[in-house]
Amino acid sequence: MTITEAQIEEIIELEYNIHLFKVKSPEIANVINPGEFLNIRISDLPIPLLRRPFSVCDVEDDFFYLMFNTMGMGTKLLSLKKPGEYLDVLGPLGNGFNFEGDFDRAVILGGGLGVAPFPYLTRKIKDKKEISTFIGGRTKSDLITYGLENIHVSTDDGSYGFKGNVVELLEINFDNLKNDKLKIFACGPTPMLVAAKKFAEKENIECELSTECVMACGFGICQGCPIQSSSDEDKFLLVCKDGPVFNSKEIIL
Amino acid sequence: MTITEAQIEEIIELEYNIHLFKVKSPEIANVINPGEFLNIRISDLPIPLLRRPFSVCDVEDDFFYLMFNTMGMGTKLLSLKKPGEYLDVLGPLGNGFNFEGDFDRAVILGGGLGVAPFPYLTRKIKDKKEISTFIGGRTKSDLITYGLENIHVSTDDGSYGFKGNVVELLEINFDNLKNDKLKIFACGPTPMLVAAKKFAEKENIECELSTECVMACGFGICQGCPIQSSSDEDKFLLVCKDGPVFNSKEIIL
Amino acid sequence: MSKVDLSVNIGSLKLRNPILLASGTVGYGSEISEFIDLKKIGAIVTKSISLKPRKGNKPQRILETSSGMLNAIGLTNVGIEKFISEKIPYLIKQDVPIICNIAASTIEEYVECVKILNEEEGIHAFEINISCPNVKEGGLQFGNNEKMVCKITEKIRAVTKKPIIIKLSPNVSNISDFAQVAKKEGADAVSAINTIIGTAFNIKNKKPKLKNITGGLSGPAIKPIALAKVFEIHQKVKIPIIGIGGIMNWQDAVEFLIAGSSAVQLGTVNFIDPTASLKILNGLMDYCKENKIDNISSLTGSYQLD
Amino acid sequence: MSKVDLSVNIGSLKLRNPILLASGTVGYGSEISEFIDLKKIGAIVTKSISLKPRKGNKPQRILETSSGMLNAIGLTNVGIEKFISEKIPYLIKQDVPIICNIAASTIEEYVECVKILNEEEGIHAFEINISCPNVKEGGLQFGNNEKMVCKITEKIRAVTKKPIIIKLSPNVSNISDFAQVAKKEGADAVSAINTIIGTAFNIKNKKPKLKNITGGLSGPAIKPIALAKVFEIHQKVKIPIIGIGGIMNWQDAVEFLIAGSSAVQLGTVNFIDPTASLKILNGLMDYCKENKIDNISSLTGSYQLD
């Protein structure tokens, strides 16, 4: 966990409004794991005041990648940065995916920008495990396939691929997968995570969920990011420190 | 008085930290007078919250010029703008110099960045009147001669020209001027304006002072910029509306 | 698509729309009318007026802070006489409803002002400023004292049938107690909030940056505080509320309506963008259309708590 | 150049320098110690502790506002037992003076907590949080009630000889009245300010953005307000003040000292730059050197009024 000034090497526009930053930082790139995240200070001014959290999207040599879309002021200002400018990066933060375990096939579920952490996960496991990736979006332009493998797609409006959500898409493809020992890795909007959790529990598949929460600090000092523990009713876990990736059985969404 | 988006045509660095912006705006350029000013919104964000006032430095065809140095956050952010970007400009504001009157020689006194309004004044009067310009600064790099004529210089530290302040410089040159019918135009820090006013009154010379005050609105709705009237003890004038240029006899500094 | 009804009732005061210009931030309307057609605005609240002209505080009166500004104007105004002879006629010509904001050093002065102005046709309502943080007398020694607010409201109520709006101070523990008192004594509405006391020091010469030492904080910095005050009043007292504090755009205005305001006032934003009021009005209209709101007043206090 | 003496006395509490970390913004110190050497800090004020563990409020707990943030954490904490067994030993090892902040729902609970913690060697002082805006009990119903503050201070004073700091609420008319009460009952110092009540609504679904409905505003937005509160106390009551509110850099810290603070606490800035405290300490040192200030405590209340 350090604070570094990392230079933007390259900016790629993946889709309208979806940006991929390639950023040079050996300090981060050499130690960060898939599913972990970075907390970025976008301006020296007190607006935006707080850092903004982003998953590490991918790592290549001394570079890490961020993938983001413009939501509000912070991401808007971030999107205006130019190659050569520096980012004030705090990280690596949180606990990432546990992908070393006992499974043959990773079932990756990404909803919208929830695909962000998966190019790096894919890179790390593709030589060792089978991968089936299911991505969904509201419409065709939400689908981002960057860095993913063996992709199946769905859209809410049916403009591309299966019409429906990504968990439904997994369900209809499930017969082809269920003979492998599976592990689900899911990231996306909360309703999607709820569906993924339910499906995993029904089918008794290991499942890790990458969750989101508005954060202030990103490393455990503000208590701003609670998520209900399933084992202890009186306990919140912290998304930033205990997560953002949780075993689906650990938490109640 | 309008609000316009005006495009920056060119940026010239006059001295370290001193910027000259050439800005395209027929709306402003065609109507603004020397000594009047513009109130500029530097960012869409609420930081800096308020507009920042700047004298019109010069006008050429459809372009106006601003000359400024970086003082705080507002001018710092302004200095980071690039040619092609737009400025949100409110103006023209205030009452400028009255330079049509009955005098032969304009004595222009500029302290530091107080020279800012004088290139435009010089341009307007140089064909009709004689001009003697006296500029002063703390040190050599404060002296900005852009757009001025017949210049005499002083520095507080003696690093260039006369060692002393600009009113002292005028005093020692006064013998060469006093045969003309003079009018003084002064702009600079308050102590300099006080000295100019005193000198003008002693020598019985017409004198106009361009004053400064922290402003919120710039056009008379906030009452934020009072300056003591000399004719009525119970009355403040407004720098933004009644000024920024005042006859030295109108105000108490 | 059917037209949105933007009109609002604030007690007995009926206005064509809920976008008002706040006292002290648009003078008496003449300068801002170079930027906007005042006819389109719900009402203008004129700069606090007192019986006699007031010179106000010495400069520096203005200071920018992080997302806000401090002012210590000190109720500079032309006095009631000139206000009647020069300012009201101008505003009547502009066809904009006038809410006359009154400041005073004594209860008697408030009453005297209202009595005099009560005769003026053009004045639609009175806003009673008991909450200016920048004057020694007539400011917070009234606004922070329930008994005073009680007396002032009572005495003013006795001399006018026009709507009375009490402008509340945020510099108190429970603003709703003051709204309650105002209501009890017959005020038609309250407006909230006036500025919050703040200060700043120059670390070079150790002097206060404002000549008056302290000033009143306004602008986006105070918006969350103002919203909480409006919400508090709305939860506890049944009285129309005019929301004020840091409104910069239509989204902010909608937020204030949802939190319990019947109308809103724009202050600091006028300095930054004197056309903001019309932009906000348009944004409000579009918001209503998009959300199928026929009547803007149905937004007031429409918050959804679990 | 001679060395600057940065040490300060806050009543009977002596600290090596006036830069403290504010309660609730650094947990119990372990995470932030990955960024800074706690040995260099004046003191750490630990997250409000209560007799039993508290789970805190449901999310959303955090919201950014213009130059500020709202939080509605709700005093999440591990409870006094775990605090003693796990948190204090860690901090003692770090060699950082501990100021233990206590929150409670009843006067008895405050007293009980202090009694228990009074035995702990590592605790240098108690900061009594009577001003949390985010809990139903033990927050502002204490902090906004002079008699309560009086009683709490009196009863705590009776059970400890360690320095007592009363953390005051800004959500009151006259904060100095509360400082006066604290002083009278034997508090060593007051700290000011805790967060200011604020809220925000989502204009799409009309729900409050924070699950708790309201939250506490902190950050640069509140700095002018906090400074005015510190100044008010300093003008009216002779008691050491620990200034808090929106400090982001050394200039802000100097401003708080000039306004009357004997020391300052850093809150929100820790989230943005966890190394800020050390930067501020260095800036403070340089300021003193440049201005030939031998003893930082000579800055306290050094404002120059005309």
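Note that the chains are named A, B, C and D in the order they appear, and that numbering of residues resets to 1 at the start of each chain.
Throughout what follows, contacts are C-beta pairs under 8 Å (C-beta built on N, C-alpha and C of every residue); 3 or more make two chains touch, one makes a residue touch a chain.
Keep in mind the model is a prediction, meaning the values are calculated, not measured.
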_Using the touch rule stated at the top, which two chains are linked by the largest number of C-beta contacts?_
C-D
*Chain whose Cα centroid lies at the greatest distance from that of chain C*: A
*Could you put a whole-Å number on the gap between the CA centroids of chain A and chain B?*
55
*Whole-Å gap separating chain B and chain D, where each centre is the average of the chain's CA atoms*: 47
*If you average the CA atoms of chain C and of chain D, how far apart do the two points sit, in angstrom?*
34
*Could you list the positions in chain A whose residues touch two or more of the other chains?*
46-47
_Residue list for chain C, restricted to those that touch at least two other chains_ = 66-68, 219-221
*Connecting every touching chain pair, does the picture come out as line, ring, star, complete or other?*
complete
*Contact residues on chain A for chain D in the complex?*
1, 3, 41, 46-51, 90, 213-227, 234-236, 241
*Which of the residues in chain A come into contact with chain B in the complex?*
45-47, 73
*Which chain C residues qualify as touching chain D in the complex?*
65-68, 70, 144, 171-174, 196-201, 203, 205-208, 213-215, 217, 219-225, 227-228, 231, 246, 251, 254-255, 258-259, 287, 302-306
*In the complex of these two chains, what residues of chain C are touching chain B?*
24-27, 31-32, 34-35, 47, 53, 55-56, 58-64, 66-69, 71, 73, 76, 219-221, 248, 268, 270-275
*Hey, which residues of chain D end up touching chain B in the complex?*
66-67
